[in-house]
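There are two complexes below, and they share subunit A, which is joined by subunit B in the first and by subunit C in the second.
Showing the complex of A and B:
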């Protein structure tokens, strides 16, 4: 048993607010769960012992804001800032787009509480241990409600900042009303030693559209476990991009449920890992209804002694006829000691579906290499261009160009650092 | 007498242990345009690949010089920096690498090899836009992945655009006309003709006389079974167009027979 978990359960017992009923239910489930070890399937390759080794103190109010919110050129956005897991109005944008209501847990009105109570822990499945912990301990969060038919063009940037040694838990509940449209980015870019869990539950109603980003760019000893959970209703659309760097513990659970017909989901994931970092992604796509489409592209570059864990499950229920689902995971390894544990899983109970999955540890395309060289580009530069192009292909798919430009430069900086620590020639000689 | 730019001497080359080039000789002087025609499988594309240094194309014997440089001793990028350019028959698609980034890297690498400063992004963009315009490609093609989702004709024009930017000494056009409609063909030909300046040389590999109506060759060679079997002026292309290659092969067989008789 983990001291940290035991302690979290004790702390959870004390939390009392309008979500208490939900929290108590989660607490009951949490008590049934055991702390993961190497035999726990969902945590087989990712040790969580690092949480017990750290000494984190729960967030206190009025922490001095080390508020480095990245300025992003040419981006139409409103920043919503969490400081150590608490919504910070002072740092957040004062002018918000019209037709969308944004409220913290503490300021929620009776009407807001009503839909939030219905949504809380209903999109996120119970099986996620840290999800339950977040149910119990997330003292603050945001309720974001887009009125039916409203097309929000301003991007909502949910920026998460942490002070050193802090433990923080935050939650986001988003409802995109019928025919509405929203774009939102969850940003984690700090690398101060800290622990956070951050879970988001999205309901996309009929004919609505959500453009979603999660930038899990914390590194080093910034420990982070989080999730993004999406429920898609009839004819709704989800375009979601997840970008991860590794840290001592960086885990994301994604669930996409096709709860309505003719829903479309595109999920693109990019990771870049270096040193001894870990990035762990578990994604589950549930096709419960017919005529749904899912395309999931997971790609990354792993250097040095870093480790990637990817578990991608697609579950097509008996009624989900005419489903189109595609999942692929492609990896480039830059060192012999880099590790990829990839496991695509297809479970199909309907007979009229089209599904494909695949996982590869890829080599560079020699034809492309020759093509670049034949124009005078050195072999080494051509390799760098192709490696970067391999992940940039998914960045190119991001609908928000300003955000893509910002991300590209961040990835390039990261990528350049990776080259130093593990040149490709070392691989050839080892 | 003009200066020899490309001298290929008795070149033997193989792919996967199959011998394709069997003693090929070719001299291209500065400012000349040579057309190479010939039946399928004769080794036309192989010549371009061997000269540009594609992996898997083994040179068994012979030599190839571009000016003073011994091409066969150089890496592909060094050959390009010496001024060799191959316009590919099937240009590869590279999603994720933008055309602009790729072209800037190529131009900068070649400038560096000549001891020149890299171009500023602004100057380069201006040149790239002009090159696009010249081959009738919209400028937003520069932002797209290299050849990604381009039609056959767009890929060929993208090759010519690269040639315009890189300003090579010798251009080998590997079936740059295949799959092109007449308008695209003219664009390609105009791109090439605009670069004829009395010094730059071209080797035009093609199946059809059609391209040679637009790019007038000084010499036409027939490549068959790994060798140049006949050379002539532009009229040879017309003759080939009219009669095909069969008559040539018959003639070769007769010649061989005659030679055989002489030895008896």
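Showing the complex of A and C:
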């Protein structure tokens, strides 16, 4: 048993508020879970011992003078800021788009509480250990509600900031009302030593549309375990983009449930890893109802001694006839010490469906490299161009152009830091 | 399960083992004493007994694996009898009239000659069936080439050095729960040794050793192909076998030394249980081969039987330029469950592996592909291609794919593809429009779906495998 987990359970017992009923239920389940080790299927490749080795102190209510939000050019956005897991009104945007209500857990009205109690921890499945920890310890969170039929054009930026040595747990619960439309980005960018769990639950009602981004750009010793969980009702649409850099521990669990018919989900994931970083993504698509469509594209580049773990599961339930589901995972390995572990899974119980998945792991295409070099591009530049092109195909699919431009500049910096030179060089030079 | 075992046990007792029970069939239960007795029965040397006991002690510490996508009732390992002597002639059916007509109907369709039918159904035919002479001819021919092909219990006595060197070298005692159990209690199986540079003059088959059948539920096979040799081994039988055992925990070990090649083909059609999922064999098998430099191991399997299958024929590509192949057709129907696939562990440079898996699910069955492709840091220039296709027939079955891909070498290329679909309406329409009935059409489409695998089978096996599939699919359409 981990001392950190034991400690978290003790702390969880003391949390008392209007969500207590939910928290106690989670605590009960948490007590039955064991601390992951190499034999735990969901954590087979990702060690969590680093959590026990770090010394983190729970967040306190203070304002960090260094806290600042990354400015993004030409972006129409309202920022909502979490500082060390607590919603910080001082740093957040005061004016909100019309038809959107944003309330912190502490200030929820009776009606909001009733709705939140029904949804909290119901979109997110119980099997995620850190999700349960978050259920218990996320003392502050946001309820975001979009009124039916409202088309929100302003992007909501949920910015997460962390001070050094802090342990933080944050939560958001979002409802996109019938026929409404919302775009939201969750941002994590720190590299200071810290530990956070951050889970988001989204209910997308009939005919509603959600454009979602999660930028899990933490690096270094910023330990992060989080999740995004989506429930899609009839004719709803989800377009979700996840970008991950790795840190000593960076893990994201994604669940997309087709709870209604004719729902459509597109999920694009990009990861770029360097140094000794780890990025671990577990994604599960549940097709519970007929006529759903899912397209999932996962691509990444792994350099130096980094390790990526991808587990992509598609589960077609008995009744989910006429489902179309596709999952694609492509990896570029840039170094002899880097590691890719991928497992695309299909679990299918309905016959009239079309499902496929594919996974590849390789290095850069030598022919493409040769082609560029033969046209006078230096080997180094050619490698960067090809690597960038590989990733950029998915960045291009982001509906928000301003965000895509900002992301490309981030990726550019990342590429410059990474050892993009491919292992073939060793052969060429020797 | 326990009920089934109880029933089976009760039946054996009913059969009236009065005075012979001590020597012929052990009472249910497993402890060190039982292993001492199995070993003594086989008159084994002390090293073999020690080896078994070590396995048994390891097994006691192990837990039954639960990760497979199969569901079966708890097995009480203490309620199974671990040694049963071959049935005496008087216990066997006297003629085909006493054999289950359903079984006979299948034989008929497969076109199996009457004498063979009798043999397969376990009819007491030794006086009639003239296979002994056939067997002897084959034996002589093999001896001429220097090939050793004998029961493993015989090999323990005749070739102790070879057995000592290779037994457990690919699947060690502590490998997994079922393998450990097999190591402790295996009663018999085949041993094959192909000397240096020899190309085995014929395809070896357990069929030829059928007079020494009833090797029990814990079968052990060890095949060693010495440098530059070649062998093709066929296991199993295309016809369903009458078998009273519920649990089969077999182990197969292949060793392909430098430049050697082993081709191992299986057609498995054990009793799958009835439509309601009652009865049937639990087939928990560990099969693995190791390839040295330039060696090649090719697994081909057609799995249509057993109530529960748990089987992952694997290759350890240890030597540079070695090749591993896995071709599989797994068909499940009724309430059958199959969790099968392969592991390709690439250690050497320029190693290559190909995985082609075709799963067909019908009725209320579940069919899973579970595989692992691992590129170790030393697997420079290695290559893997995996293709898993599943076909669903009916809306009450399941098809699942669980492939693990682990790559730690950038110059290694791994490709995995999987698709799942049903028999397309267009294809059905086309066939029916040309006068085929629905059943024939499905059978034809399924046969086409499996073609890539069937073409890897030895010719006569391929023909029967096709027929077998057809029979298995009967009644699953419409």
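Note that the second predicted complex is superposed on the first by the 403 of 430 C-alpha atoms of A that agree within 3 Å, B and C clash if a C-alpha of one lies under 4 Å from a C-alpha of the other, contacts with A are read in each partner's own complex, and residues count from 1 in each chain.
By definition in this document, a residue touches a chain if its C-beta (ideal position, glycine included) is under 8 Å from a C-beta of that chain, and two chains touch if they have at least 3 such contacts.
Everything quoted here is computed from the prediction, not taken from an experiment.
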- Tell me which partner A:377 touches in the superposition: subunit B (first), subunit C (second), both or neither. first
- If you stack the two complexes on chain A, which partner ends up touching A:41: first (subunit B), second (subunit C), both, or neither? second
- Task: Figure out whether A:98 sits in contact with subunit B (first) or subunit C (second), or with both, or with neither.
- Result: neither
- Query: With the two structures laid over each other on chain A, which partner does A:392 touch: subunit B (first), subunit C (second), both, or neither?
  - Reply: first
- Message: After the superposition on A, what does A:331 contact: first (subunit B), second (subunit C), both or neither?
- Response: second
- Message: Applying the document's definition of touch, where does A:318 land relative to subunit B and subunit C: first, second, both, or neither?
- Response: second
- Tell me which partner A:14 touches in the superposition: subunit B (first), subunit C (second), both or neither. neither
- Task: Spot which of subunit B and subunit C makes contact with more residues of subunit A, would you?
- Result: C
- Query: Should A:367 be classified as contacting the first partner (subunit B), the second (subunit C), both, or neither?
  - Reply: first
- Seen from subunit B, its contact residues with subunit A in the complex are 52-55, 75-77, 79-81, 85-86, 88, 91-92, 94-97, 101-102, 105-107, 109-110, 113, 145-146, 162, 166
- Message: Under the definition above, what is the set of subunit C residues touching subunit A in their complex?
- Response: 67, 69, 375, 377, 390, 392-422
- Contacting residues of subunit A [partner subunit B, same complex]: 365-368, 370-379, 381-382, 385-386, 388-396
- Item | Of subunit A, residues touching subunit C in the complex | 41, 318, 321, 331, 333-363, 422-424
